[in-house]
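Next up: some structures, all given as structure tokens.
The two complexes that follow have chain A in common; it is paired with chain B in the first and with chain C in the second.
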Partner chain A sequence: MGTDKGKINGRQLLFMFAGFIQGSALLIDFTVGITEHQTWMVILAGLIVTIPFILSYAALAKRFPGNDLVRINDMVYGRFIGKALSLYYIFFLSMTLSFNILDVGELYVNFLMPDTPFFFLLSVFAAVIAYAVYKGIEALAKVSHLFVATSLFVIITTSVLLADQMDFSRFLPLFELPFIKLLQGIHIMSIIPFGETIAFLMIMEHMNDTKGPARYSFFGVLVGAASLLIVSVRNTAVLGRTQTIWTSPSFQSIRLIDIGTVLTRMDFLIGIAQTMLIFFKCSIFLYALTTALSQLFGLKSYKPLVLPVVGIEVIIAATVFQSPVDHAEITQNAGIIYSAPLIYLFPPLTLLIAKIRGLPKTERSRGK
Partner chain B sequence: MIFLLMAYALIFLVNVPGLVKRKERKELVVFFILYIIGFVLGLMYALDIPIPSPMKGLQYLISDKLGLKYPQH
Partner chain C sequence: MILYKKIYVFILCFIMLVALSGCLGGREINDLEIVIGMGIDKDKDTGDILLTAQIVNEKEAGGASGEGGGGGGKAYWNVNSIGKSIFDAARQITHKTGNRLFVSHNQVVIFGHDVAAEGLQKHIDFFLRAHEMRPTTLILVAEGRASDIMDAKPETERFPAMNITKLVKTYGFTSHLYKVNMKDFATCLMSGTSATFAPLVTVSQDRENKDVFVPGMAVFKNGKMVGKLSHDEVRGVLWVLGKVESGVVIVPSPDGKGKAVLEIVNAKSKVKPEIKDGRIIFHIKIEEELSLSEQTTRENLATVPGFGKVQEAAGKVVRQEIMAAFERSKELRLDIFGFGEMLHKKYKNEWKIMEHNWDDIYPTIELDIHVDSRIVSNDLLRRPASPDEGGE
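Let's turn to the complex of A and B:
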């Protein structure tokens, strides 16, 4: 058992997966500049590509009940290679957390509170996620359905209110983009919203459902992917090709809502929903990161690490990229390439080695 | 700078007394390693000393040295 004794059930895991993926709704903008009006296809293709890998995470969690990623790595690869691999995962979790904290800062500075100091926004947000993680995984799991429900409400409401401005001919022509652009778009989609769910390998050990996490993970990912798909279809149907010129197509499309000059300026809804969802996503990342670090060093609790780690993450978030352009360019290339082995290669490989070596049964009998 | 000192004083007060009281030596050591890294990074940020970006290093290694990158559009 890990450094947190909290328990979650299958339904909570489903909502956690869904909320976690919905937290990337603004990040589909990384793909929009490349795949334009075919972004919806790339989301679907990214989902199809990543589902088997996500199921391999669930299969690993089922095969090693009560063990997290760090201990699974130790068991399968041995102490030395296992720890090195865990460090690679910790680096990934740390970088991805800082990018998400940065996303919140950029969201507020660009769209909601432009006069507030950037570093102050990052610090306050980080303090709130630290508090949430300090409360443990059970507390986060118990409120996960509220985040998902709020997000679905905002996505569906804004889509309905924009229905009169939608023009589905803006999806045409289909299959117009060069293959390399589609490939890059699918790569981004499969890593950023879907592949990042690798963080759940630090959480699934808390499941109290003996049937295993596969079906809950699967349906959670489907709910999250459906949300991203609706957002993408809404933005393309409303903005068409012009969505590529906006910093945030979601904000731009919502700003066009005008129902009898009464219901206008609805972009605050996106602000609220995204703040909640990125908070939830960052909390899961911070939890995964601190529990992984505490496992790596063999600590009894992850809690003493939460605040110092958050302090480091805020500075990384504030300094890692020089500009939003730099952010997009690095993420679209080096960012998705360095993380690919962690998402596509190691989990299935670990599962295969565990099957060949008969782990964890062998491990248990050795202990006896 | 004052904000940084106050934040780190608070982090110290929230964690250290409990760890010392429970005699959790290993936790205390790891806490201080991360605490010092965070404080030094914060100090560099407050004093406008450039902090190297890990992602810039990765980009140099992956895209520039290994040539692994998607074509520019």
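Let's turn to the complex of A and C:
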């Protein structure tokens, strides 16, 4: 067993997947600039491309019950290569987490609290995720459905309130962009919202469902993808071609809500939903990161690592990029390159090697 | 041990209470300069931006007893400043107001004619980019100077800016103009071929009173104002775009002795572009529902044949309005209907070739207009109040 004794059931895993992917709702904006009105199809294509890989994570978790990614790497690749690979994963988790913390900061500074010092916002946010992670995976899992429900509520309400401003001819012509742009969009989409679920390989070991996590992860991903799809369709139908110019199309479309001059300024809705979901996503990342680190160093508990790690993450988030433009450029270009092998290559490879070598071996070899 | 922990938590709570309460960067309402309208002109002497901000005068506006509140002073303050750009001017204005402008409640931005003719592309950026600005803020163009429009005090409304907003938002009564906000304007601006619109405003002198009046719409090409559309021409465009909400259609009565005045109850449109043998045809199908609101002839029009004739005549009026707008757009060499975009959506490959010389192709396109008008109501009268039993 890992360093946390918590247990989660299948339905909780489903909601965790869904909430995790919904947490990327603002991140699809990275793709909108490239894929414009065809973003919705890029989301679908990204989903279809990534589903087999996500199922391979679930298959790994089922094949190695009670083991997380770090142990699986050790077992399959041996102590040295396994550890190196785990370090690569830890690097990925740590960078992604800090970028997500940065996203929260940018969200607040750009839209909600422009005068509050950036570092202060990041620290408060980080303190909350540290607290959540400290409470263990079970605590997070138990509230996951609330996050998903809130976010679905916000997504659906805003879409209904904007229905009168939607113009579906804005999706035409259907296939206009050069294929290379779509490909780039699909790549970003498959890595950022969907591929990042690789972090769940640190969590699936807590499943108490013997049937394995495949079914639940699949449906969770579907719920998350459906939410992203609604968001993207809403933004395109409401904003049309201007969606490519805004820092955040979602925020802009919500600012357009004007029902009889009474129901206006609904920005706070998306502020609430987005804060909650990024919080959830970051908590999962932080949990995965700290448990991975504790496994790597053979610690008894991941808890002592939470505070120092989160501190480092905040510092990375606050210092690594010069500006939001820098952030977007690097995520769009470099970010999706270094994480690609971790998402597409290693999990299926691990599964293949495990099959060939007949791992995991019997109870005896798995003992101490 | 536990006691220590409790004391520790207590001290922490106390520190947080002191350190974290209060609003960082909070602005109290009496410190806010609440802007409800902005006018952008070109300064005559320097050629820089002259910004006029209409600020709510809280003391005067606050009173519940109608106009002017307390001392009969104005409920608003028009303050202006000059700057190299709009943002610069908005900051320069603090030399007069002592406070930053609070533009979250800004309803309307009026551009002076000279600024509009020079191009709005460079000026609109600030309004789209600024945190506090809403994308729903309305855009208008003044026939003269925006600052004059902001000065014309309305009779029933307290604030000129609110009055102008009302004029534009109620466009549906006539469909002679159309509401354009920042986001709509930006959308059209981003299309290379379609024209952009904004309602025009002007001040009409009526004895001593100055009234603000909307005489039509300004048309922009690549962000530069290139012409105006009259009321009927605007409605011609709105018929095609399916944005006619209501309005009045006047047709001569069948006996030629008076008029039938119809109100538009409902209108829909469908436009289908077609490329056939090198010709570009737009099939425009319009369905309108009307009600007979007034008739000035003694003949009873509320009969089946009477309605038939009036409907036919109403259809002709719509066609005329569309054709008038089309002729005007050919004159301007400007695609005011957004036909180019419609073609783009259906024929994307052909469009790639046409896009670059759309201005030359546009005058050669053909319109195939079908109007289906139906009178659905004759309101409270079965026949006009005339002595004989209507008709011959």
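The definition used in the following text is that the second predicted complex is superposed on the first by the 361 of 368 C-alpha atoms of A that agree within 3 Å, B and C clash if a C-alpha of one lies under 4 Å from a C-alpha of the other, contacts with A are read in each partner's own complex, and residues count from 1 in each chain.
The rule is simple: a residue touches a chain if its C-beta (ideal position, glycine included) is under 8 Å from a C-beta of that chain, and two chains touch if they have at least 3 such contacts.
Here the structure is a predicted model, which is why all the values come from computation and not from measurement.
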{"item": "Partners on chain A (chain B, chain C) - clash or fit", "value": "fit"}
{"item": "Touching partner for A:Gln252 - first (chain B), second (chain C), both, neither", "value": "second"}
{"item": "Which of chain B and chain C A:His145 touches, first, second, both or neither", "value": "neither"}
{"item": "Per-residue touch tally on chain A - higher for chain B or for chain C", "value": "B"}
{"item": "Which superposed partner A:Arg241 touches (first chain B, second chain C, both, neither)", "value": "second"}
{"item": "Vertex chain A; arms to chain B and chain C (CA centroids, nearest 10 degrees)", "value": "110"}
{"item": "Touching partner for A:Arg215 - first (chain B), second (chain C), both, neither", "value": "neither"}
{"item": "First, second, both or neither for A:Thr319, with chain B first and chain C second", "value": "first"}
{"item": "Partner chain(s) touched by A:Leu307 [first = chain B, second = chain C, both, neither]", "value": "first"}
{"item": "Contacts of A:Lys135 with chain B and chain C, given as first, second, both or neither", "value": "neither"}
{"item": "Which superposed partner A:Leu172 touches (first chain B, second chain C, both, neither)", "value": "second"}
{"item": "Minimum C-alpha separation between chain B and chain C after superposing on chain A, in Å", "value": "10"}
{"item": "Chain C-contacting residues of chain A that also contact chain B", "value": "none"}
{"item": "Touching residues on chain A, where the partner in the complex is chain C", "value": "110-111, 113-117, 169, 172-173, 175-176, 239-242, 245, 252, 255-256, 258, 264-265"}
{"item": "Residues of chain B touching chain A in the complex", "value": "3, 7-8, 11, 14-15, 18-19, 24, 26-28, 30-31, 34-35, 37-39, 41-42, 44-45, 51, 53-56, 58-59, 61-63, 68-71, 73"}
{"item": "Chain A-touching residues of chain C, taken from the complex the two chains share", "value": "24-25, 128, 131, 134-136, 183, 186-187, 190-191, 344-346, 348"}
{"item": "Touching residues on chain A, where the partner in the complex is chain B", "value": "33-34, 91, 95, 119, 123, 180-181, 183-184, 187, 293-294, 297-301, 304-305, 307-309, 311-312, 315-316, 318-321, 330, 332-335, 337-338"}
